[in-house]
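Next come the structures, one after another.
The two complexes that follow have chain A in common; it is paired with chain B in the first and with chain C in the second.
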Partner chain A sequence: MTDRAKIAINAFKEQIDGAVSAYLSSCVHCGLCAHACLFFNETGDPRYTPIHKLEPLRRVWWSEYTLFGKLALLVGLAPKVTEELLAEWQELTYNACSLCGRCSMVCPVGNDIAGMIRKQREGMVAAGYSPDGLKGASTRAVKIGSPMGVTWKAVAAQIGHVENDTGLQIPVDKDGADYLVLMSSMEIMNYPEYLEAIARIFSEAGVSWTLSSQAFEATNSGIQIGSSDIARELVSRIVAAAEKLGVKTVISPECGHAYTALRWDGPNLIGRPYKFKARHILEVLDELRAAGKLKTEGFEEERMTFHDPCQLVRRGGVLEQPRRLVKMVVKDFVDMPEAGKMNWCCGAGGGVSAIEEAGELKLTAFNAKKRQLEAVKPDKLITACANCRIQLEEGLEENNMDIPVIGLTELLAEHLVETGKAEG
Partner chain B sequence: MAEIKNEAAFRQALDGLALADQRKAGALFVRAVLPLIEDERVAGAVEVAAKGGSDEALAAAFQGARRASIDWHTRCGAEGDWKEQAAYFVARAAAACVAPPGHVKSGNPAWQAAVNARMARTSVAIDEDGTAVRENEAQYRLLGEFLKA
Partner chain C sequence: MTTVAFLDFVRGPLFQIAVAIFFAGLFIRFVEILVLGRKTDFSEPRQSGTGAGFKTVFSRSVPEAGTFKRSAFTIIAGYVFHIGLFVALVFLAPHIALVRDTTGLSWPNLPTPVVDFATVAAIGALVAILVNRMRDKVLRFLTGFEDYVAWTATFLPLLTGYMAFHHLLLRYELMLALHILSVELLLVVFPFTKLMHTFTLFLSRWYTGSAFGRKGVQS
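Right after this comes the complex of A and B.
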């Protein structure tokens, strides 16, 4: 057995706990997960059946932890985990899985298949079988602080831009602020309107908030590539900054997996509870709405729908908040079929967007979203994840569908009642 | 019309323009940053906005500029290049100039063109590790001249 295969096997063994063993031993081979997966559904390729994507992990579990598997291993009949297998499964584990979790929802025996793919990635990355795009993003995240190489200098420039356009002051490193606002590199680079929207909304709401020059980036490449060590390092930076500033709540931006990383995985990664609350921006905005601190005026005249980011809704439970917020400013709101918990992924989550060679596959996967949209024929599409947003824009363009896409925070800011009481 | 010296006066003047003039003013802002992109679709859209084309011409120009903005964006997780990002913002500014009304945030193409042109300059400043050119002041002057003409 080669060294790389050994490394992968050992890493898989570290991931196989009671839950994984129970999941793999209770799979009834029904195939329901196949039809829940947009990559299988849109390509018809049986290799994309979610449980099949777990073959390397399953082989290790069977040969190491089951009686028949151990016997088969003794007599050399157990199917092996080889470099060839790992190389072949790299595409299935990364390019063809957005960790959307739809497969986990339909499994009749309750297997968290997406959770196991995440664990399989630990072994793949340990043995060097992960895509170059994700390796680069993870390296930049650790070394520079952003998967896209965004530095604080760039954030400061954007702050200047927003301050200039709005006349508001963006607070930085403010001790004792109620909220620490994080951003994603996508928002810094492609959607600067997010920061402007936050500044305007928070100013009107009169809340105390700040950015941190030590931790501005919310995204977590460690979660995507499947390295808990990297994920832990990235979360730890946010925790250190938040606790140093003494903030009460850290706000995850309009980014799906950043929310998963910060809210759900973070405390487990660092091995203790946070000393602050972790919330998605939509949760915070909904709290402000309920407290009467978010006031809007006017309504969109067009028919609009909402794309649920998987990590936010299916994996995160933030289902009603976006709908309550949307209805503040949209009269003709319509949900797509299968919206909410069973929504179809945009096709680019879980690190897929960072993998250049997955470009064609992710646009094929977008066809599920296309059908959902065709069913309700919206004039505009709202979402709450910058990565979903760019994939939606690309997919719509590719399919000649003339539907503008807007972030929900930005949409709310468009309708904000501004009294000019502005205080950063 | 008094000289435009601040953001409030700038916004007010833009809001006072008819849609066709908003497109023309937006085209002026984009032309100032047009050297930051080499893309015929974007240059073409600016020309259509400046000349005031038919609905069909505007729609075709919008399609081209919007496609350009998608082509120039930085992929999530990819290494950012602020020079290319400047081009992305110029493409967004050009698209705003020729966009159908429902496609423009705040309903004012000139304002959207202005803010995206400013972000293009900011991107160049980040790339060159320099100080951002005060594009807003250049835009005040351009708008003032446009209103006088």
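Right after this comes the complex of A and C.
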């Protein structure tokens, strides 16, 4: 056996727990997961059947953790995990899976297939079978502090603009603030509206908050490429900054996987609970709404719908908040078919957006979203993930569909009742 | 060997061996799964996963609406087969008698026509499932040797049982012996194939249901 294959096998072994073993023992090859997966549905390629994407992990499980498998391995009859196999499965593990988790909701025996694909990535990346785009993003995230190479300088520049435009002061590195606000590079680069919206809403609500020059980036390429080591390094920076400032809550921005990384995976990566709470911005806004601290005026004239980011909703549990918030400012709100926890992925989650070779595939996968949109014909599309947003905008443009996309936080800020009392 | 001697052998020592392999196999498989355990989850739960886990154990038996539309045949045929098999296995008078004789437990049987209907339905569904497996693009792609082994091991007891009960084709004693033999085959391959899903699916649903549940998602 070659070294790379051996590295992968050992990494897979570390990932196999009781749940994985139960899952792989239970699969009856019924094929239902295929029809839940946008990559299969939109291409018709049976190789994209979710459970099939797990062949390398399955082989290791069978030959290492089952009696018959072990015997077969002894006499050399167990199917092998080779470099060729891993190379072939790289595409299936990364390009053709957005970790959206739809398959995990429909499997009749209850397998969390998406969770296993995430685990399989650990072995793939350890042995070097991961896409260049994600490798680059991870390297930049570790070295520069952001997958897109954004530095604090860019954030500081944006702070300057927002302060100029709003007359508000953006707090930075403020000890003892209640909330630490994080951003995604995408927001720093492409959607400066986010920071402005936060500044205005929080100022009105009288919330004590801060940015941190030590930890401003919420996205976590380690989660996407599937490397716990990288993911741990990135999340530790946030934890260190948050615990040093002594904030009560860290707010994940409008980004799905950043939320998963911070809210659900983070404590397990560092091996202990946080000393603060981790929340998504929509959860915080919904709490402010409930406390009467988020007041809006007026309604949108147009027909609008909401795209549920997979990591936020299906995999994250922020189900009700988006709709409660949307309904504050949108009268003609309509849900797409299968919206909510069975929503169809935009096609570019789970790191797919960073994989150049997946460019065509992700646009094909977008057809699932296209059909959903055609069913309700909205004038505008709201979402709460900058990564979804980029893909949605690209997909809509590719299909000549004239539907502007807007972030929910930003939309709420447009309707904010402002009394004018500006405080940091 | 005479037919009667063959029958005695099959339902005597051979049956005991098969049952022993079956239970030993189940034990091994469960130990293999459970010793691996699951790491403690340090994230702050939105709610306890226990209730959601239990709920998923049951709710996964009901297909999600969109999935039902997309895979209606697989789901309906699956239901018919599983219910038919269950009725034939649990409510046929001779099966109950066998359990009573070995364990002392007993429950009322269902009338022969009902069990008959269930058995024929299960056989029909299994045949349809097999044909679909060879026809459907995804299923043909996924199906391997083990799937055919599992199918055959399930199909034979149903078929031979039905034929023995109705004294078809062969002499009753011989058909009965074949029926028992096919059950023994089933018992022996059961723990080492995906037939294990009969039991492990409860673990799978529990693991998924409770993990999703603590995040606030009923799966």
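Odds and ends about this structure:
Rule of thumb we're sticking to: the second predicted complex is superposed on the first by the 424 of 424 C-alpha atoms of A that agree within 3 Å, B and C clash if a C-alpha of one lies under 4 Å from a C-alpha of the other, contacts with A are read in each partner's own complex, and residues count from 1 in each chain.
By our rule, a contact is a pair of C-beta atoms (placed from the backbone, for glycine too) under 8 Å apart; a residue touches a chain by one contact, two chains touch by 3 or more.
Everything numeric here is computed off the predicted structure, so don't read it as measured data.
Partners chain B and chain C, once the complexes are superposed on chain A, both fit on it without clashing. Of the two partner chains, chain C is the only one touched by A:S26; chain B is not. Contacts of A:G206 after superposition: neither chain B nor chain C is touched. For the combined arrangement built by superposing the two complexes, chain A sits at the apex of an angle of 150 degrees to chain B and chain C, based on C-alpha centres and given in steps of 10.
When both complexes are overlaid on chain A, the residue A:P273 reaches chain C alone and has no touch with chain B.
In the superposition on chain A, contact is made by A:D165 with chain B only, not with chain C.
Judged by the touch definition given at the top, the superposed model places A:G246 against neither chain B nor chain C. A count of residues in chain A touched by chain B and by chain C gives the higher number to C. Overlay on chain A (Cα): least separation between chain B and chain C is 26 Å.
Residue overlap on chain A between its contacts with chain B in one complex and with chain C in the other: absent.
Chain C contributes residues 28-29, 32-39, 41-44, 46, 56-57, 60-61, 63-64, 66-67, 70-71, 74-75, 78, 136-144, 147, 192, 194, 196-197, 200-201, 203-209, 211-212, 215-219 to its touches with chain A in the complex. The part of chain B that touches chain A in the complex is made up of residues 7, 66-67, 70, 73-80, 82, 85, 88, 102-103, 105-106, 115, 118-119, 122, 125-126, 129, 132, 136. By the touch rule above, chain A contacts chain B in their complex via residues 133-134, 136-137, 140, 147-150, 153-154, 157-158, 160-161, 164-165, 167, 185-186, 189-190, 192-193, 221, 224, 302, 348, 351, 353-354, 356, 379-380, 386-387, 390, 393-394, 397, 404, 406, 410, 414. Of all residues in chain A, those touching chain C in their complex are 16-23, 25-32, 34-36, 40, 44, 46-47, 49, 51-52, 65-68, 104-112, 115, 263-268, 271-274, 277-278, 313-319, 338, 341-342.
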